[in-house]
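Encoded as structure tokens, the structure appears first; notes follow it.
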Amino acid sequence: MARIGVFICHCGENISATVDVAKVAEEAAKMPGVAYAMDYKYMCSDPGQTKIIEAIKEHKLTGIVVGACSPRMHEATFRKAAEKGGINPFLCEIANLREQVSWVHPRTEATTRKAIDIVRTIVNKVSKDTPLFPIKVPVTKTALVIGGGIAGIQAALDIANAGHQVIMVEKSPSIGGHMSQLSETFPTLDCSQCILTPRMVEVAQHPNITLHTFAEVESVSGFVGNFDVKVRLKARSVDMSKCTGCGTCWQKCPSKKIPDEFNAGLSYRTAIYSPFPQAVPNKPVIDRANCNYFQKGKCGICKKVCPAGAIDYEMEDEIIDIKVGAIVTATGFDIKHTDFFPEYGYGEFKDVIDGLQFERLASASGPTSGEIRRPSDGKIPEKIVFLACSGSRDKAKGIEYCSKICCMYTAKHAMLYKHKHHEGNAYVFYMDIRSAGKNYDEFVRRAIEEDDVHYIRGRVSRIYEKDGKLIVKGVDTLMNAEPVEIEADMVVLATAVVANPDAESVAQKMHISYDKHHFFAEAHPKLRPVETNTAGIMLAGACQTAKDIPDTVSQASAAASKIMGLFSSDEMTREPVVAVVNRCMPPLFTTCTGCLLCLEVCPYHAIEREEIKDRRTGEILKVAAKVNAGLCQGCGTCVAFCRNKSIDLQGFSNQQMLSEVVALLNKPF
Amino acid sequence: MIICSIQLIFFCIKRQLNRFNIEIVHESIETKPGNSLKSRLEESVGVIVSHCYQCGKCTAGCPLNEDMDIKPNQVLRMLQAELPGYEDKLLSSLSIWLCLACDTCYSRCPQEVKLSQVMDFLRQESVRQNKVNPKAKDILSFHKAFLETIEKNGKLNEVWLTLNYKLKTLNMIQDVQKAPSMFFKGKLNPIPSRIQHVKEMEKIFQRISENEGGDK
Amino acid sequence: MSEFEPKIVAFVCNWCTYAGADLAGTSRTQYASNVRIVRFPCTGRIDFMLLMKAFENGADGVIVSGCHPNDCHYTSGNFHARRRWIVFRSILDLIGFDTDRITFSWVSAAEGKKWANLVDEVTDKIKAKGPFTDLDKLDGVQLKELYDEAITK
Amino acid sequence: MKVGFYPGCSLEGSSKEYSKSLFAVSEKCGITLEEIKDWSCCGASAAHSLNHDLSIALPARTLALAEKQGLSEIVIPCAACYGRLAASQQAILNDKAILEKTEKYIDMAFTGNVQLLTVFEFLQKYIFPVADQYIVDKLNQKTACYYGCLLARPKDLTKLERPENPMEMEKVMEKAGATPIDWAFKTECCGAGFSMSRTDLVAKLSGRILEDAAERGADSIIVACPMCHSNLDLRRPEIKKQLKKDINIPVLFITQALGLSMGISAKELGLDKHFVPTGKAVSCIVKKEA
Amino acid sequence: MKLLQNKVAELFENGTINLMIGFKEALTKQPVPCFIEKASEIEQLIYTKDCKNNLSVYLHKPEVKQAGKIGILANIATLRALVQLTSENQFWDIEKTVLTVNDKEEVIVFSDMEEVEAYVQANFPEFSEEDLKLLDYLESLSREDRWKYWTEQFSACIKCYACRAVCPMCYCPQCTVECNQPQWIKTSAQTTGNLEWHIMRAMHLAGRCINCGECGRICPVGIPVHLLTVKMNQDLFKEFGTKSGFALKGDYALNSFKPDDKEGFIK
């Protein structure tokens, strides 16, 4: 006979404010199989846990139910306590009384009834629980880093320096990411490339890092410690082993009018190109969509001029299979472009540019060699208007969130402009200045106080072009909402930070969650900010949400350390929530019919054919299905699929699920 | 023709004297918590003023921003803050009458606040509480003349409207020079065109005014 | 007589809808207390037999909810579940079972609000429909009636 | 082909030429416009300024009549009327309580199954497919296509592809052989309903519009709203006073311009009814080369 | 008939089979199954259009399996069953020779299952018109009337499980109704339990039923149970294009999916 203990947590007042916790404990005590019930202010606290441990011993409990917050919060805590008390941790289950009861309902009897129902359900589940024992699986001590921006670079270097193998996959021809495009960085105004390029080179030369640029992840299968990843190495059309990076090919390439991604479309590049002079690896690729040879079938100049004979038009995409134990997702972000703003001209005014374009204009390696000139006619603008919150915090445009970095980089932009043109006028339209960060607010104040940037509080309604000027119609809400009209030479929109266009499909390949803006979801917003809900996959950088460089680097290092922890032992234990095919006495052996239709259902190919043989004669007595516990992830799809219930899922067994349903019902809600 | 016009003027004056009061009931409403201007607005129009975060984009784009005594974003600000005196100030402002309902504000509003509906509501409240700004009397008179005209005729006749409006404002000279040329271009039709079932029209007005009486 | 309070059982997956319901809690989004959640690892684990058992044991409505297509934590559990639901609905439809009492939905971990709305909507719908009594009327008398009928023939 | 038609008050009075030209163009293209019997005024800005229920009930009466008449689609050339009718229909269909209330007011059933067409939608759907065979002349001039507010806003009612810089009218003008100019005041407000009550403001707003069109070299301004037309055409003396300069660009209705390209006479299109002489626009026209 | 008997005699003679499952005449119009163990008994073997039984159901019986080499005379439904069962991995321990008589009354002895598959695919039967008519009628009813119809039907069920016994696809050594931990379905013959039993049966056979109609024919209280699975097969074909008993390499709707399966019903 089961002896179950029920422990109801008040969670301070979080639960007790709307649920009559004493009543719940009282009712629980009456439930069949319950030997002990109590309520306490903080079950998860040390004294709370001690109470559980003592109760287990004192009342000889065989299983416990904790009515508290979501099992996603403290299941592990309480299972550990149960273990300390001397019972199998899987005989401890959580009744979710906070997230799904007290926080979502008012203080009524119905709410308390719901709490009691949930406790009863879980008591019934526990009474059908069986002890389970963790499964050990080996760990492949190689990490995959997806994305070669500053986040990926930092994570890869940290893991590699700890002595583990790292494979880095970057989709563009060079690593470096958005940071390599920036001019100076706030709040120190040090040159972005100067601090980044040494890191890039280190990645390329690190003995523990294998770098695949111009490559993308095709698929991810397997599970923590044992992921199988397919990587597509896109055809570069250039043999990396022969190419010396001399540059003859791109100097001679006749297709010269392709908008240059690195310069945010402000200049042109050739069809065979290396994105920028400090690229790593600094070897070109052919952009086949824009190459005369591939599009029209004639040209072939690069092949003729290449002194190393490295050009290979026949090259094809190659898919490689790699095995890794953990993954860092550092796929970065995108920004909205000026065509996202109808009221600012649908991107049709050349001198209305976005922040990244301004970075390129201000960068010494940019198309104007660092002179700030407007794109339409190359004139140096006398008046620049910066619009913060362009698209951010704009529900109507579908982006409610703050992009976090714009306040700072707008201040930086205005400052850079003023440093280069003391006589020029810089105006910043803003709603709020969000400059929380070390030395950040001081930086903004410097722009206002020392560099004489005019900050105007108000949003701009419209921009139109007249006689080569951009008429900016704004408002000064600090001046009795006075309408403001500025005839500007150039307008810089601090456009919203958004997820990469392919973020959704990346997330789906990895089976990680993402939010409605397609930013990847962390496992817990506060306590597990670098892990995803899929064990073994970590997040770093702006693919999770808009981030500045210091935050990105911190998160990357955190992700790396999570992985180093994972790699610190040769084996890892997995939860024994796995499917099992039943066994019984001969001549039946198992009720499984051996139809093997479930083999197709399993997403992990964890089910295999098993021949049950006579030990002496070797004669096949029965063919049945068998679950490989090492591969099984415990989804239970096979369990619901099996016609005659021959497979069951440990921890979510048929008996448990059915008794939960029965316990819930048969009485008024 | 002349007789016709005289008849028309005569008729208008008569109507002006025993004016039928369309749906406009003057009354004063006490400001109680839960019955504030804001809560009534949110209830009847469904615009939530707290959505506005005062970026000022509405004012920046408003075609008449310079002429408004209270700027569009400030209208919302006053509704949000609900400080003593704001309500009176709002209802007796000129701005609410200057709003052209061009919807430029709403079409660019990042928080999707339907400001033109707020303005409609405030106008109706202003009339109801008899707080119309003196400078807006002409605009109000025009609106009233317009509605009276269609109540009686079902559709608009510009001569009819103009005369009615001029009688209300006693501004006889304005636009007089335009009339002859419009007339000869065939744009003015002194004989009031009417819909067939004028009675239906009156009934609609009547039912609405009865229903509103019942509501309060 | 107090108002009819429907009994609704929700069969949800652990990774999306259960997390979505948790999010509704963390964001303090209020919704009808008529729902009781049963947590499964995946929608693929939800046996159609359990839905029948829920009705048999007195549920007035059932919600089945999991990850959106392509978002399944286990890659394809929800796709298999979706096929099963299609087939299950068609058999119920043939038999004339009131399929309006079963609501299928996708609620992701980010959709706390959607979860709350879903529960409210289903609660209202079932309230309007009234208690589920189709099964209550079945047992007991028919066999005897049938026997009597057979005898008289 | 038959399409329902709601003229609205202005098209019977001060903007007769809009109606006249629309009929001329439709007739040319074999489209018959069937007027809603006993239609009444939409209430315009007066109704929604003073009485919310009235602003829904007045258009609803006309829409209910159209339903009774069995019209499935009606074209509403006046942008203001379109705005009121569409807003009313949307409000009723979105809220059952409003539907019930309104049906009581108008004492008629309302189903909302009449589809409302703006003048652009009408041209696009019925005139465009056949227009090419009737277009014989080229307008051969720079036109400033002016939308004003009510053709462009609110965006959920007007259904324009690019509400901040719409191109629907430009497409019509290109068809008619004109060169639409790129200008900044396409969707700025002209002062609309203040024509009579605050003529000073109308002069200011319409003045800006005319000024920009003139500075960018427009030969004509094309409109599709009677209010815009009367403010830009009729209020020229006040605008002159405001700007302290005379701008004599003629203002044509979109249907007039299209009619001209189809070889319909200026008189038939009502060009003689304008205050600003339209000769300048007509004189640019050349035969379309085959 | 002689032709068939000669052929089978030949098979006995050359040792290809040592048990023949076929049909013999009965008192009723419909022939009944017979088991022939020696060549001398061959004379009773017949095949007519009225041979409707699905003999493949006997292949699951241990007594039959013990015989070793089995010959089976199959109508088209039986052939489909053999194909489906092969795809479900059920014949790993059985050596069988399949015979059929085609439209031209020719006797065909299949040399392997691939030939059976090809024959089935070439002669794939339509749904019977009678069944379709009944289904159409049911569909024309209101939901409430359908519910009434079926619950009345099921109230008559006496849980004799004849439908299961006669079904070649119901070969589980232990059926879900026999599970008692947990007890999924009430064992007594009450309407709710009966309803659950039939819904479950339909679910388990959806996409696997080969439309032999045996279950409906055998039902002692005359419930048209086969309609449930016929309808399932019809819907599955409409929805996913799958056919049961059609291919050896399975084409089962419920262990596969397409990312764009319909989901209009999902909120």
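By written order: A, B, C, D and E. Residues from 1 in each chain.
We adopt the following convention: a residue touches a chain if its C-beta (ideal position, glycine included) is under 8 Å from a C-beta of that chain, and two chains touch if they have at least 3 such contacts.
What you are looking at is a predicted structure, and each value in this text was computed from that prediction instead of being measured.
Path length between subunit C and subunit D in the touching-chain graph (shortest route): 2. Common neighbours of subunit A and subunit C (chains touching each): E. Counting C-beta pairs in contact across A-B and across B-D shows that the higher total falls to B-D.
One inter-chain figure worth recording: subunit B and subunit D are separated by 23 Å, centre to centre, where each centre is the mean of the chain's CA atoms. Mean C-alpha position of subunit B lies 53 Å from that of subunit C. Rounded to whole angstrom, the centroid-to-centroid distance between subunit C and subunit E, based on C-alpha atoms, equals 32 Å. Contacts with at least two other chains are made by residues 343, 462, 601, 641, 654, 658 of subunit A. Multi-chain contact residues of subunit E, defined as those touching 2 or more other chains: 176, 184, 254-256. Residue numbers of subunit B whose C-beta contacts span two or more other chains: 104. Screening every pair of chains for touch gives A-B, A-C, A-D, A-E, B-D, C-E. Across the complex, subunit A is touched by residues 51, 53-62, 65-66, 71-74, 104, 108-112 of subunit B. Contact residues on subunit C toward subunit E in their complex (touch as defined above): 48-49, 52-53, 56, 69-70, 76, 79-80, 82-98, 103-106, 118, 134-135, 138-140, 142-143, 146. Remark: subunit A residues 343, 389, 393-397, 431, 457-462, 473-477, 480-481, 483-484 touch subunit B in the complex.
Residues 22-24, 44-45, 63-64, 67, 98, 100-104, 106-107, 120-121, 123-124, 127, 138-139, 141-144, 146-147, 150, 154-158, 162, 165, 174-175, 178, 181-182, 185-189, 193, 195-197, 200-201, 203-205, 207-208, 211-212 of subunit B touch subunit D in their complex. Within the complex formed with subunit D, the residues of subunit A that make contact are 342-343, 345-346, 348, 462, 464-466, 471.
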